[in-house]
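Note that chain A is present in both complexes that follow, paired respectively with chain B and with chain C.
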Partner chain A sequence: MSTLTTHTTASRDAHSAGLCKFNTTTKAIEVSDGTNWSIYDYDSGTVSPVTNTLSAVFDGATDKLDCGNSSIFGPTGGLTLSAWVKQANSSSTHTLIQKQNVSTDGYSLQLASGSFHFRGTMTSGSPITNFGSGFTSTTDWYHLCVTHDGSTTLKGYVNGVLQATYTTSSLSTNNISVKLGWHTNHTPSYLTGKLDECSIFSSALDASTVTQIYNGGNPIDLTIDQGNYNSSSDLIGYWRMGDGASDTDSGGGSPASGDVIGTVVNLAGGYGNGTVTGGSPEYLNDTP
Partner chain B sequence: MFVLPTFGLGVIASPTFTSVFDDTLTFPTIQVFDTEAEFIDQTDAPNYTIVHAKNTDRLYVWHDSEQRWYIYEEDSSV
Partner chain C sequence: MIMIPRKYTIISSEDVDSIDFDQVLEGNESHLHYSLDGSKTLVKYRDDQPSFLSGKQEYTHSEILTILATDEWTPSDPN
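For the complex of A and B:
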């Protein structure tokens, strides 16, 4: 078996040309040329991905999933929204997660004509925060994540990479239900494409945690702390789009690709299950 | 220098019953997979196993106690 032997930063082995070690302190691969160590820092880490066979596909016209209006979904001490999306076009506004009443309350995570948008709690005068543009692929999955620290700091990440940081107002709550894949307040917009692994946290996840959730493009089980992810206790919403143990199709059976969605269970608690309130969104065997 | 090993199709198949990891290889010859997907969800690699995936050109080191792969991006190729 090709396994590396190890040493630590504090107790590196004596030099020997060609000696290759795994540094258990820094996780770097280190190679000696006889005099110096060449150090190869790790670029990322991936924990074992969660089994993920299904996503939800929305038609961009009538398909709706509604998760209800639990007060738990309106945290004021911090917030993180996370979702994976594969858009069918890059010319319309795709709403991923939304809990918004008026333009400056609540939250809405969107991919709009290739731009990564957050609507809701923010500085007065602007209903949209734009974290960047150019996210136009219709063949790749994007992981979009927004964090708010509960005070004034709003950050947006794409595929685990911080795009921008903005100063905003504090979080505000409302009595609007959480919606997945659609948005009907002020500017209606429906997702045309696929949505998977949606989650909401009651805290602002830090950069290393967001990178771990992205996990090199391989979603992880958010109910279990692993690697640099240690925020399972802050998870308040987690919808796996057919891969939750109790998710169902419209007939009450086990989900399969092509089935119309019945219930998408919130794995973070006994509340906020997603049910179809319009159209006929389906499960599909296309996942990140 | 890493040398591309040869291995039978059976080595990378049937992950349910047979480990995908080739225990006949000894460092510095490392196992080369066609795709990251062939091993990324496997958790039976011995500690500090190092492998390469051709579809990503990355190196991966398995850290068993943390149950995670550490990833090393390719910086250039010749």
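For the complex of A and C:
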């Protein structure tokens, strides 16, 4: 191991196997293996979480958020979907993020009767890829993440841990809008539960980055590179469910727990804000 | 904060004009969810049933989920 020297988050060196640095911004020790950084924080292996006071609660009946059909949401060079969910039951299909016209195009991220599903790109002829089962808690938040490298590799993570890797075809694009908390085609796949910190990236994040986003169960600010997270430039969708600076309730005011959602702003750019197109999803002070 | 249980009432689509959107959680007519044949819709609210719905059947959250999962409201899953 090299002699420990210091740097700031904004000035980390290029990779060199064995390079060891003390980050004076996050108070973490960072070690490079030549490709990835491993982060060792002074107390918990985490970086500072983002302030997070609200999530969105969906009733599983009629509640819908729609983020529009910007072509930016159909990247061809890679894709990552990330979201936190606390399901109200483990017996139905909960859709977290969806952009699909038919079952085999676009993408959707689902928790279906305790199984972690990705719908879209074909794997062995099935429109559903199952990354594992047993995710049945109704009291804990899960962080679900799927990455696709733009050609053949699909990976699924739960709470920062890789569940499975599949060989697939490439993603097919469509002109369907991105939806949060509901699914247009399949039954019944509205989310019954809470959703928070949804994001889409135009690249396949690597394992260490996904682990950093999970951050020991404490969401981080995805607009800022920190720790082992260096993918803010690939962020194309980021909805904080009431914690975005310009998020509103249905009356146009500042969000508070119990308010019906007005607009959930996409913090990744000036497009794709989430608006209510059905029912009345609400903000709630229950967060990961 | 503990969420107050939501309640639901199904109405005829012909009665949409009678909805007082100040008394339900849906913000406007475009937020309504309709049955597949378009003949029915539903509204959601907290606390007591709004006066304009007086006399109509009220459903709990679990009851409305069961109803909405039927063929009258949801197309069959192709997969």
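Quick note on the criterion: the second predicted complex is superposed on the first by the 239 of 288 C-alpha atoms of A that agree within 3 Å, B and C clash if a C-alpha of one lies under 4 Å from a C-alpha of the other, contacts with A are read in each partner's own complex, and residues count from 1 in each chain.
Note that a residue touches a chain if its C-beta (ideal position, glycine included) is under 8 Å from a C-beta of that chain, and two chains touch if they have at least 3 such contacts.
Just so you know, these numbers come straight off a predicted model, no measurement behind them.
Engineer: Kindly classify A:L4 by the partners it touches after superposition: chain B alone (first), chain C alone (second), both, or neither?
Structural biologist: It touches chain B, and chain C stays clear.
Engineer: Taking the superposition as given, does A:S257 touch the first partner, chain B, the second, chain C, both, or neither?
Structural biologist: second
Engineer: Touch check for A:F22: first (chain B), second (chain C), both, or neither?
Structural biologist: In the superposed model, A:F22 contacts chain B only, not chain C.
Engineer: For A:G279, is the partner it touches chain B (first), chain C (second), both, or none of the two (neither)?
Structural biologist: After superposition on chain A, A:G279 lies in contact with chain C alone.
Engineer: State whether A:G134 touches chain B only (first), chain C only (second), both chains, or neither.
Structural biologist: So A:G134 meets neither chain B nor chain C here.
Engineer: Would you tell me the residues on chain A in contact with chain B in one complex that are also in contact with chain C in the other?
Structural biologist: None.
Engineer: In the complex of these two chains, what residues of chain B are touching chain A?
Structural biologist: Residues in contact with chain A: 21-31, 40-43, 46-51, 58-59, 61, 63, 66-73.
Engineer: Please give the residue numbers of chain A that touch chain C in the complex, ascending.
Structural biologist: For chain A paired with chain C, touching residues are 57, 59-62, 92, 103, 127-128, 185-188, 192, 250, 257-258, 260, 276-280, 282, 284-286.
Engineer: Inside the complex, what are the residues of chain A that reach chain B?
Structural biologist: 1-6, 18, 20, 22, 27, 29, 40-49, 51, 216, 218, 226-227
Engineer: Under the stated contact criterion, what part of chain C meets chain A in this complex?
Structural biologist: For chain C paired with chain A, touching residues are 1, 3, 6, 8, 25-27, 30-33, 42, 44, 61, 64-65, 68-69, 74-79.
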